[in-house]
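Chain IDs A, B, C and D follow the sequence of writing; residue 1 opens each chain.
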Amino acid sequence: MIDITDIKLSNAQIAWRAAQDIEDGAYVNLGIGFPEMVARFQPEGKQAIFHTENGVLDFGKAPAPGDEDWDLINAGKKAITLKPGTSFFHHADSFAMVRGGHLDLAVLGAYQVAQNGDLANWSTGKGDIPAVGGAMDLVQSAKRIAVLTDHVTKKGDPKLVATCTMPLTGVGCVTRVYSSLAVIDIENGHFVLREKVTGLSMDDLQSLTGAPLHTDGDVFDLTCPEELA
Amino acid sequence: MDKTIQTPAEAVAAIPDGATVMIGGFGGSGAPIELIHALIDHGAKHLTVVNNNAGNGHVGLAALIEQGQVDRLICSFPRSADPSVFVERYKAGKIALEIVPQGTLAERIRAGGAGIPAFYTPTAFGTEVAEGKPIAEFDGRSYVQERWLKADVALIKGELGDAHGNMTYRMAARNFNPLMATAATTTIAQVSQIVPLGGIDPEHVITPGIFVTHVVEVANAAQEEELNRSEAVYP
Amino acid sequence: MIDITDIKLSNAQIAWRAAQDIEDGAYVNLGIGFPEMVARFQPEGKQAIFHTENGVLDFGKAPAPGDEDWDLINAGKKAITLKPGTSFFHHADSFAMVRGGHLDLAVLGAYQVAQNGDLANWSTGKGDIPAVGGAMDLVQSAKRIAVLTDHVTKKGDPKLVATCTMPLTGVGCVTRVYSSLAVIDIENGHFVLREKVTGLSMDDLQSLTGAPLHTDGDVFDLTCPEELA
Amino acid sequence: MDKTIQTPAEAVAAIPDGATVMIGGFGGSGAPIELIHALIDHGAKHLTVVNNNAGNGHVGLAALIEQGQVDRLICSFPRSADPSVFVERYKAGKIALEIVPQGTLAERIRAGGAGIPAFYTPTAFGTEVAEGKPIAEFDGRSYVQERWLKADVALIKGELGDAHGNMTYRMAARNFNPLMATAATTTIAQVSQIVPLGGIDPEHVITPGIFVTHVVEVANAAQEEELNRSEAVYP
């Protein structure tokens, strides 16, 4: 197996890369945990508007410790802040935004992503207590579904697979994967490689991927700020 | 991001012939008269219009129908103090009419905005309005399946608006406006006043900006009822 | 045919009689026109809360001429007023109140009411332009559906019938009829007579009614204030 | 008409064993802690509870579960900083769990309040959560049929309330509360302050009084997050 320790991106770098693609004024939902990090890296002049399932739109970043108001939280139950333009609404209206296709982008983590866009990210299927939250709603309805993920599991198994073996969160829903090694679109049932980290050959990347990597035009270098490594 | 636009004319300029246009309001209250009149000036034809009513007098929706721009109307109640414009065209076979019970109309629009392709309602079961629609029984009662309603464009009227499209409404002028905002590809809102971002308390926002494409300020907007009392005609 | 000119109730008397049955705190929708008159006759100490389809709850009576605000109207497009407790909401929420069974009572007019509770009140079926408004929603969902009506048509034909011949508004929905001659409940597919105007025999009332009148206990005199005649 | 009631204990006194109880809140925000604790004191058992989560620590919903009063939980996300009470009872087979995607949970509750017995959603199509549910195709896409959700009682938390039951909420503490208010036979609301009738601007009412049965003032209501940070245990 190829040692990717030195070339793979940090989570911060993956989040940074994903943030570069978000248009000014895009309505975006960031999943709990790692995806929330995307908000930190919005490019100058591109202001996304963030939605959280529990009924807040256009909110600000986390407050300073000690300044939390626990009635002002995000879906991860972390404290957030108001900013000019914030609005509150109930859960049915919040998911009307989701299900009605009003979000431009949802960013989630993954256990597995299949080449047809199937996503498994809610249950390992090993008898853990099921907990789905809002993920199944988000993945079927946002205009674009981006996944942030390590390219392989801790054991080195591909997370980008031919067919998901873990319980599905949604079918055919993922549009782009930002992995620790590559940026990959999902088009017509195929993984289409757009960018890969420098120092990794095509063959090596393919060997770490569970389904064929297609190309469609140039494959660019995936470069991220060094200070985030 | 700035969703404000300078004039009603600019706001409606891209509406194509054949578009499905939801128009807010219940009778005259909440009717976006200036946007409708701009649409008349713009001249888009063969429109399908969704509104609770069918216009009153010779302004607003009635004027749009009178100009021959509306091929089809989806509404609950095509009556008003003076429905003559609609009645004449309907009897002449020049406008198609789909009657939808008012609550079903509201719920179909909400469903369109909320990504619900179909739902069941007790309304109209056993009546001719339900003829041809799927019927299902739940817990021993029969219900009618209704489909979502979406539009290319919604023309709505609010009270306050900001550059992100957050909006409030004025009293009973709220009615269908917040629903239609959610169900159209392009939502164009006229508001009495555009306020700076943050000028609307987050607790008081009725339509969050995510549902609104363009906001145009129309201070001292016309009230359909007043126009009709003065026997106004547009254009 | 019996001449009922002198004994039949006025519309105001019918509305008065209906108003006497409304409990304090009941949520009530009054149909456009004649049923709206019920609001005038609420008994002392019994304050109903009125709902109108276009998104206002707990509103006050009509303003003085000249004081109208045309953004503050009822479903009949007549001006209303605010009072302490008023609230505004959009049309979907308004009909959630209706369809969800939250109204205690809806009061409507009728072309025909059948003994099984079927109601015809939206179309004469004679090629007029159809216009249904909120009636079909109201009749299927309010807890009780009361009809205010003349007992017979202008031609003298019964409006309370065995089977409706006009297009239905709702099936099996009417619970009580306040007619110009009687108060009649609909129970188990039958008209059950509760009250009738004085000076009208049972046989005469039956002859003006298109289906059998049942009784279940006493039939009381239907008396209304003379000044409303 | 006066819907105000003096204490949480009186407000919950009529809740019977076996009731289905919706409890508002998303995690701790909007959770009606005092009403839940009154329900613990009241002692009703064999409850089915509908909540987004499954409790945190040893207060509020977690405490209700810990007391063995909940036989069944319908929720989207039974995880929290400290879900140990639920986890233990679940693994011991003492509490049944129905997992519902969060948006579907919200919409099922809204449907219960709005008289919609069933609706179609794209959510969960093709997943094990949709197994056994009717599937239908609309406009070439497959959807899952979901049923309404109703309750005997809703326990909710608001900010302002009046004697007619009109209510507002505080920031993201709104969440499921206004929906649950509509879907229960009896809705019991605790509010931070009861104001005179007319004390809430008609434009700012979020829950109109028609949906509320009892209102009880709980000034300085406990915040679940703060209780858990101080390692509180109830009772």
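Methods note: a residue touches a chain if its C-beta (ideal position, glycine included) is under 8 Å from a C-beta of that chain, and two chains touch if they have at least 3 such contacts.
From a predicted model like this one, the values you see are computed outputs, not experimental measurements.
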For subunit A and subunit B, chains touching each: D
Distance from subunit D to subunit A - Cα centre to Cα centre, in angstrom: 30
Distance between the centres, which are taken as Cα means, of subunit D and subunit C, whole angstrom: 37
Whole-Å gap between the CA centroids of subunit A and subunit C: 57
Where subunit B touches two or more other chains at once, by residue number: 107, 110, 114-116, 121-122, 169-171, 202-203
Residues of subunit C engaged with two or more neighbouring chains: 88-89, 92, 95, 98-99, 141
Pairs of chains, among all present, that meet the touch criterion: A-B, A-D, B-C, B-D, C-D
Contacting residues of subunit D [partner subunit A, same complex]: 26-30, 52, 76-81, 87, 90, 97, 99-107, 109-110, 121-129, 169-179, 206, 223-226
Subunit A-touching residues of subunit B, taken from the complex the two chains share: 1, 110, 112-116, 162, 164, 166, 182-183, 196-198, 200, 202-203, 205, 208-211
Subunit C residues touching subunit B - in the complex, by the definition given at the top: 52-56, 69-73, 75, 77, 88-92, 94-95, 98-99, 118, 129-137, 140-141, 167-171
Sites on subunit B touched by subunit D in the complex: 107, 111, 114-122, 136, 138-139, 141, 143, 147, 168-171, 202-204
Of subunit A, residues touching subunit B in the complex: 24-25, 27, 47, 49, 51, 57-58, 82-89, 92-93, 95-103, 141
